[in-house]
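Note that chain A is present in both complexes that follow, paired respectively with chain B and with chain C.
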Partner chain A sequence: MGWRVWERRKGVAMAHDKETAGDPVRPLDPPPLLRFPVQQHQGKPAVPVVKRGDEVRIGTLLARADGPISAPVHSSVSGKVKAIEPVLHPWGIWSMAIIVENDGEDRWEELPPGIKDPESVSPEVIRQRVQEAGIVGMGGAMFPAAVKLAPSTPIDTVVINGCECEPVLTCDHRTMLERTDALLYGMRAIRHAVGAKRVILAIEANKGDAIRLYRELANVYRDFEVRALPARYPYGGERVLVPAVTGRKIPPGRYPDSVGVVVHNVATVAAIADALRDGIPLIRRPVTVAGAAVAKPCNLMIPIGTPLEDVLKAVGLRERPREIVMGGPMMGITVASDDVPVIKGTSGVLARTEAELHHFRESACLRCGRCVDACPAGLMPTMLARLSSRGLFDKADELGATECMECGLCSYVCPADLPLTQLIRMGKREIIKKARAGRGA
Partner chain B sequence: MSMTTIVAATAGMVGLSSLLGAVLYTMAKKTQGDGSDEKIELLTNLLPGNNCGACGMAGCAAMAEALARGEAVPQHCPVATIAQIEALSQALGLSNGNVNRTRRVARVRCGGTRGLAPRRADYEGVLDCRAADLVGKGTKACVFGCLGLGTCARVCPFGAITMGEDGLPHVNENLCTGCALCEAACPRGVIAVFDASQEIFVRCVSTAPGKQVRSVCEVGCIGCGICVRVCEEGAVEMLGHLAVVDPDRCTACGKCVEKCPTDAMRNILVDAGVAVGVAS
Partner chain C sequence: MAKTTAQIVETDPGASLLVSPGPHIHAPISTQSAMLTVIASLLPAAGVAVYLFGWPALGVMVASIAGAMITEALCLWARKRPILLWDGSAALTGLLLAFTLPPQLPLWMAFLGGVVGIGIGKHAFGGLGSNPFNPALVGRAFLTVSFAAPMSTWPRPFDGVTGATPLVEIAATGTYSDLWSLVTGATGGSLGETSAVALVVGGIALILKGIVDWRIPVGIIGTTAIFALLAGVDPIAHVLSGGLLLGAFFMATDWVTSPITRKGKWIFAVGIGVLTMVIRLWAAAPEGVSFAILLMNGATPLINMMTRPKGSGKGVNGK
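Presenting the complex of A and B:
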């Protein structure tokens, strides 16, 4: 009998706080005024194709994709284009946006015909429909989904990411429970589009009902597998997820396609199904609205472009939030104002009170190594942060700072309460800036 | 112990030490025979001695070695004065005929003080502009202007930059050497290095349309273009919604400064209390 070496479990088990897991997704009525930023994806901003005063309907193209790494933007309401001007974007930038006045009549644009069976059309048709529907990675990264459906290297495995490892968020969990048919359809479509042999749906162990449901379905349909993963953060990050599910390590600086894998989030899969089966572009998305300032945390199907102000008004506030976060509590970004609209990558809206905030009380590093143990990328956060804070970005680069996925665990576990993640993030940006300048020169 | 043992030991030690001494002497002669160490030391002393690294090397000693090896010329030191470059050229036996160095200094292109450019949120976290810029573009309502956390002041090896009570950096031009380390560190390009002789500046880097600038700052450039129209030399250009002064054409007549509706166009020498025309 030999020894079997187990891979150490990655990440950290933390309180899940998923109190909205039993709360079905309710549709949110669109507000009177919506803002559609042209930048709701990674890549080049979309180019507006409507002008002030134009009539639009639900699903009308507002801005077209500019080049292959880009995504179009569609209206989620019917009404009139009020203006095209820069608005505050969740990323803090001012982004050009199409502002639409909702006439409340819910008239639909003529949609492209539905495809009953995704395997009856060519992969090229699927890619094109997904591209035209403006679908991006809805887990938060917002990378155009059609690009991942046109792999440059052979793909044998599709991993569907139903981990939802961020605490608090439950919209992916609800999507899995409520949109079973869309997921089954979408998984078939993606497998067909990339020509993969296997489809693996990865779900964290804290979602027992979803695991049981899809195991039963997998027994019936036999065209996908279900893999339960430890309920530890950040198993939903693809650099942790892909090795855990397939046993293949992603080389530094590369993406999952380099090991024959493509990863799609469950919300993205459902959106792909909507686009192919019903011709509906990406105009709404499930969002978990939570935080102590919210009267009743819930899951909402929110029309893209709805300002946060209207979302929070609709769910009711207990008190004025001290901080509004878009995304989950670990990786979400704090927004500077409640003017910003819900965009395609918004998985959560957290309105937090003073009591929920973390005020860093920095003290000296204890050299305890907890950040090193916790880092899912296998880095030394304390060293990287120290080098960054001293401006020694070249040394931080040598120690692999660019491999950091900014999951936030190092700051989370640090007993000295050091803002390690933010320092590493700063270092990463300076390294990338320098590399770009070097290439340009 | 007999006498012979003592004599033998003494003689042995004397013999060994003279042998080693001879080896050391020849080695020393061989390695420093060309006097390059003294030359590097001399060059190091002639360099400004701030070890700022603005030349791209580890410090003045590293630069001196590069000079001695002929891999660099004195002009590669961006902070040396004309006199220092001439002295270095002389020491290296280079002609110093083409030293035409214009003095360059750092200038702050943002007038958004605490009172004039409001903040939109509180910020807690790493007190470094480069880190704050990554958190929703910082706390100032204007996403182009100075973040005010003093990264430029901290990277300045000459102590030429201080953060004022108004939330903006202030450059002491007597200490500034134009090394541009602040320019490299500023995440927004607010502080940048210019010819010291340039008087007229647009004290704003916001490329946003006027309506948006007005909503976040009282002294930002709104892109109205009045400066372009009043300039008789054609020295002001509009770059999107931002006016830019061409220093080669500008005569510092001051017409644009006078007409600018938001006070974004400034004469830096007048601001500093220097009479126009005295400084060259």
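Presenting the complex of A and C:
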């Protein structure tokens, strides 16, 4: 792979390796056994409402939301609840999960009636339907979408994130090309729900077909704008995206709503449209399956709860993967086992071979400053990493360690092969832990 | 640095999947690739040096590189560190040092320069990444003060007859009668510094490769030219002569000894340009580039501290 790095504006231009960009999303048949973790969102875990032996259908509620910052979980197949037990979760934790045996009959639960025009109902109805559909941020953050539709501060701009700045991943790109109706509907619904004046669809310049398509649509409908952004990582990160699109900088420790902006990923927008227009809860999502171990990289519409083992079996493996990354190669996380299921935030499944891996072989920092140039948060990664590794967390905090968005660029560009992001992440955790303890005291 | 965070944890022996924190990919650059690229970018100027000054020039380069690499190996061995000569850093120091030496310097002196540059300039301070001063320039400074006569004997290209370098004429008259010779390099001077065209070609290649930050060479050359204009001397002669281009593209841009922030790089570069011209115009020595760089190397930790980006400047537990 020929990675090239050169500096201009924020972040770094890197090889995109988006070889599946021309590959339409095909549905994946659900496997015989699915695992639905109750934690597929940020916030409190959902509470199971079914018990062992219960019959479920496609769309049946398996676990209800627990409080406002939570999200329910629905079955993506019809069949029987086999067990409710802890399973290995993508985050490397054990999470309670509802295990469903698929009867293969594809019977659907009775769905709530569809809403033809999102502007014909009140914002409250939209929020409630999105909440009940269990929709979370599908770019990977998995923050409950309904919370972002009920802003506590006035919102004037909705930014729809179609950047997909992570290399390899193309599922958002395909969603934009294939689900035009859903996106137009979803954008309208979100704008109505938050009462915003403007909707801006942000797309990185490497997706020319999507930019052209939506520019034409914007000329027809005139209720949203399209903004092409440089194809540089990490333009899809909120803290880079929002200033680039709106010119408003998000203060440290705050979220886009503090500057009157709400950001939704394109896959989330499509899911919101499915929930409102057709009453379908979030039970499947587009996923890019790639990596050198995969025989033929592709985009699949995968039922939530499908174990990775079944995904990889379906696409065919060329060789045994050495590492499986969920998400993109920059910010994705490795999973400890292929038992782990696809969850609502899974944008990619990368089955990688030894030849693809990068092992950090730390050598002396040469103070070249490449990490400083690359850092989209304007920090000094080499210094923060050194402070973190020496346990000098207070000093790292003073130098803004908590403003790090963990995009991974400092590690990516480091010629001395230092795991800078990894060290800063560790320091950040310690600082936040201390801050919490301080508040508690 | 701590070894724990990047450690790879083996779990699930059945699947034997690796679990490691992201990012999971890396840019195609390493310390070694960077060093070797810099060495490659110096080869045009090295070729010109051999063409102009003959085999003695090649001998000086070989002796200086040998001194640097042997000392590197001995120091790493004595410090019980892995002997990583193939990272190319010692070879680069040796080559850069040779570029600053007279082409007919006795070989043992060139060798000794390499020994001092690496031994005192680099390992005495903790080795790769820890040295405050450019090791090649430390070696040259040592040779300049120890062997004043051989270090100021400048053979003419092709015939080897010794004479004054263009800097002497420039110092006297403020300009130079044969600017074209400064571009091609067919003039007296240090082994690798004479050919402007070879140095600029190599330097631009490094900028395009992303190894050298353009701010430093542009800052140094720009400051020197502006200073010369204001002082009423010929800016073109001052930029093209002596070690200015070699220093601007290859010495001052040393990663370890230059500031890490963009703002810091500008301050550093302007400082070098000003000091170079002050030495050239008003000090006893005709040339000042290497001392200007060493002085600004010394100021680098301070510049880094002054220009340190702090994020918002207040942490979550902040004061």
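By our rule, the second predicted complex is superposed on the first by the 433 of 441 C-alpha atoms of A that agree within 3 Å, B and C clash if a C-alpha of one lies under 4 Å from a C-alpha of the other, contacts with A are read in each partner's own complex, and residues count from 1 in each chain.
Throughout what follows, contacts are C-beta pairs under 8 Å (C-beta built on N, C-alpha and C of every residue); 3 or more make two chains touch, one makes a residue touch a chain.
Remember, it's a predicted structure, so these values are computed and weren't measured experimentally.
Undergrad: So, does A:379 touch the first partner chain B, the second partner chain C, both, or neither?
TA: Second partner only.
Undergrad: Considering only the touch criterion stated at the top, classify A:333 as touching first (chain B), second (chain C), both, or neither.
TA: So A:333 meets both chain B and chain C here.
Undergrad: Look at A:259 in the shared chain and tell me whether it touches chain B only, chain C only, both, or neither; answer first, second, both or neither.
TA: neither
Undergrad: Touching A:93 in the superposition: chain B (first), chain C (second), both, neither?
TA: first
Undergrad: Looking only at chain A, is it chain B or chain C that touches more of its residues?
TA: Of chain B and chain C, the partner in contact with more residues of chain A is C.
Undergrad: Does chain B (first) or chain C (second) touch A:429, or do both, or does neither?
TA: In the superposed model, A:429 contacts chain B only, not chain C.
Undergrad: Now for A:400: first (chain B), second (chain C), both, or neither, which partner does it touch?
TA: Touch status of A:400: second partner only.
Undergrad: Just to be sure I follow: which residues of chain A are touched by chain B in one complex and then by chain C in the other one?
TA: Dual-contact residues (chain A): 92, 333-337, 357, 359-360, 389, 419, 422-423, 425-426.
Undergrad: Tell me, which parts of chain A touch chain B in their complex?
TA: 85-86, 90-94, 333-337, 357, 359-360, 389, 391, 419, 422-423, 425-426, 429-430
Undergrad: What residues on chain B touch chain A, complex-wise?
TA: 120-121, 124-126, 128, 130-131, 134-139, 143, 155, 185, 208-209, 211-212
Undergrad: In their complex, what parts of chain A are in touch with chain C?
TA: Residues in contact with chain C: 1-7, 12, 14, 92, 167, 251-253, 321-325, 329-338, 350, 352, 357-360, 362-370, 372-373, 375, 377-380, 382-383, 385-386, 389-390, 394, 396-403, 408-409, 411-413, 415-419, 421-423, 425-426, 431-432, 434-435, 438.
Undergrad: Name, in rising order, each residue of chain C that touches chain A in their complex.
TA: That would be residues 1-3, 5-6, 8, 11-12, 14-31, 33-34, 87, 127-130, 210, 213, 255-256, 258-262, 265, 308-319 of chain C.
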